[in-house]
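Input: a single structure, listed below in structure tokens.
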């Protein structure tokens, strides 16, 4: 966390990393709160890519019309390898300064915040972060923008798959997003009534899963759903299906939900979260705070230093997985 | 809050008051956690009506199959005037005792908890409450079961209405549920990008609303949506439309969303909340706690004495309404 | 039906009357098929209002990006009393001629086609009609654009209401759109499992409805849903509820679904229908046909003279209502 | 087609092959129309598997409550290799006769109808077929039960994926169901605005797809979606992505929508189609017709001899693919 003492007049906003539903609501909040406070607000396209390539344009109130309900990000997003190098960041910083932007709001995840922190450390550009990622794996915030929507999208798919599983007396393995994190898997698993949940952090084993399914069968349950986070690479569900087949002879169908989890109209919770966080980010800049992320703690908004955010790992709620296990009996 | 020192073996569960999506998920959690702990669990039908009429039946694991995703309540609900009288409660208590039920879980709102408290006070029947109502107006819990679903259902309707409003350059007044409370209105209004929000607790006036709409028009916005909570009686939106017409000559179309806000498959958040609360209720009874409600404070579950719950009023987040106002510019 | 022998080079497209989901998909088809055939395509705003006020602008391929999935109409719609008078039409026709538009595509309903016919009769402006209305009450086409979406939107609401009806053992009267037509009511009633369906053309009576509900009760059914078309004015459901109460003592809850039935992202069927019809309209103009509407007969597209369309009334499928009655037993 | 002259008193109904949304609505119609005509109706579980294993039970009016809106099939379905052999069919036929069932209604696809035809040919058991499959690939019927729902489910996923594609300027290849048939792909592709559509029957090539995408890029379009039917085996999308990468260097993301397309609450169109077809099947049996399938031709129901159905192949509407190609420019 840091403080700067310049009165801001022009700010920029960008989305970075994977897109998440609700990013548009956050952009809208930054722009409209900013303009209501007499700021000029600029949109930086494609994240750090556009910052380096100087794809930056002024945003007006009317540009924000009719976007609160849209998935994706109207500013587009991107991943820049060039920005990882000091020269890339210097070029980006120069563009920001040339345009006279006094401060930035960065909507993204860990990698994006690392870049934002560097902009402050190396070039004294004040940045406030807003956590936007469907994975919910951001230290310092109970919730991230897009997570609620992604979980509900995955849940709808699972509700549908259960119809087929029940009609055919089948075992399904459904793979949801989450490389290093199991938040989507644990939430969807509990909400979807899954028999077993595999995440990078839970200690579920194939043997336990087979035991549980056999136990369920003995009680008369003829179909089951296992949820797995994608883990190191998409396609983990196929490996799980193989392992289950080899150890038990049971045949499992695989569904990989994939990128549909990223899109779609944001839920009410995500729109509200994004609106509040976007407004709070501008407010923080007004008060001279920077190098922080806006987070939530319960219903309250808090500020967390950016380096704390990306240097720490958020723990998944493993109790949800235990609860799911009891409730799916 | 109170403690009792009997080891429980048989418990009952009931839903009471207005139905809310997620009640089934809560029932499922009570039954499955209960049975996993070797309890017998009984379902009481139609709330206090069934308690008086002795409509009480044992529930098994399999009765809970395939209900987590269903709206409404499989135990049905009801409102009993007889239970408001001591003789009614005595009759209900006698039925509970005749069946040998050691404790109860009550899923409902303020009125239901008042009854639950009386069962403990007058007849020493231990009850734990679980807040289930779409209105979110329960003191002691940030969130109630069903609220998130109701807000999303209303939001979908508003997103649709906006298509028509924009195509016809019209003003719409949309009435959402909430007699004494403005939670749905404020959340839906912010998430739906409404120009103005009327709730029982906010100080919006017809004059202000007209000013805002005229102002929006002068900026080129040709359609607007006003959200209002139903207030004392459904149909308030018609009165608002009349007042606006009289004072400004503007013609407003009215939509009353009505009972569809009560039903539907619960969202992930409501299923998870209900599952956790149902489990926590059984857990509390195991530890000998009663006369309390399970509530949430941020991500954590807490226990709140029942009389505190129904004697206090939960304040709406009026800052959401101010924020909505800035963001709809 | 008529033929004209001018080779078209510039055409205009407009939406008129009530908006319907899928109108954007039809506009997109007209524009993109037109441009692919080297035409210039102009968009006329607010229907005949914009034709009179000369709110007409060229449309490009990119203007059509990302609209196929959006409800409402990007060209907006309107109802013009001025256009009902010869002078109004003359002014509109002059604007069309001044711009050098060779022909028009009109997306709308009966009233819009009456106007289109007049443009041809009085001013020799060739017009092809595309039936866009949620009511499905257009003679000469099995289906109209928007009907499928409206029915599914109403159905979702009814599925939700059924949850509450069942949880409370209640009778609900749900009012769907349709002033002079019962298409939405009959389709939604059958698909929603309604106990009784009131439409302007069916001979359901309050007495019969009461009998059916009592009969259902005697078979153990404790909740019922009645669907009614709005008829002469919205609010008919309240009158029905009163009549039922007076004659039977039964209390009924009323839901008026209202304008949400007009909006929302169009279903696949509506997007496909709109795309095919829009393309066929341009194709018809290319071949020199005008004063016709593109309709469907089963899977095939047909051409129907405009005056036949608005002078005839399309009959509702009353057998759906009888079937619904048998199936709701 | 055949006729039999026994007056029916007891009938059986079963679902067979892949499950499809709307099968429950069809079962409901068979049962309720049957009982309204004083028939006894039996449900055969798991298709031909249950017919052989004698898993057959009487169905009552109340068993049909609340199923019209549910995906899957309450009778479950199955695939029986034993039934493909004469001895298997003999055993099944014996069970039917032992129970005194006079006739059957078979809800399924080509394979199921082949079996139904054999029951009539070899054992004189009258069967009427109802086409239930998401693939729509049944000769003799414009539409099959479940197709409309599957297309809409896939479309929702594609709308979501487009959000991400647009935010990242990416090419996506989305694989929908359809082994030997391209109906889902062509309909979803047109409705979803896909740039290119691969089906088993269309002559799209990787080279053409690359050309189109490059052409779109040159017009400023930065993201594209290709739809492919799964073809011979699920996973074809990966092969396509490889081929595109090798030939053009373009990187494509792959999404395989999978089994979620089978489930979910049926659309209005599917519920209505299923209700009408189920009723018509019982009606046909009453009139002594058998060995036929109920089909649709436009809005009308028709009867088609079972052997015609499974011996012929239904042609996909390739004009939808050409139209999609023009409209995605």
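Every chain is named by a letter (A, B, C and D) in the order it is written, and numbering of its residues begins at 1.
Note that a contact is a pair of C-beta atoms (placed from the backbone, for glycine too) under 8 Å apart; a residue touches a chain by one contact, two chains touch by 3 or more.
Just so it is clear, the structure is predicted and the values come from calculations on it, not from any experiment.
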### Query
Which other chains touch chain B while also touching chain C?
none
### Query
Approximately how many whole Å separate the CA-defined centres of chain C and chain D?
29
### Query
What is the distance, in whole Å, between the centres of chain A and chain C, each centre taken as the mean of its C-alpha atoms?
40
### chain D, residues touching no fewer than two other chains
159, 162, 166
### Query
Among line, ring, star, complete and other, which best matches the way these chains touch?
ring
### Message
Touching residues of chain B toward chain A in the complex: what are they?
### Response
28-29, 32-33, 35-36, 61-62, 65-66, 68-69, 142, 148, 151-152, 155, 159, 162, 166, 187-188, 190-193, 219-221, 265, 267-269, 271-272, 275-276, 279, 297-300, 317, 320, 323-324, 326-327, 329
### Query
Inside the complex, what are the residues of chain B that reach chain C?
15, 19, 21, 46, 70-73, 76-78, 153, 156-157, 159-164, 166-169, 172, 253-264
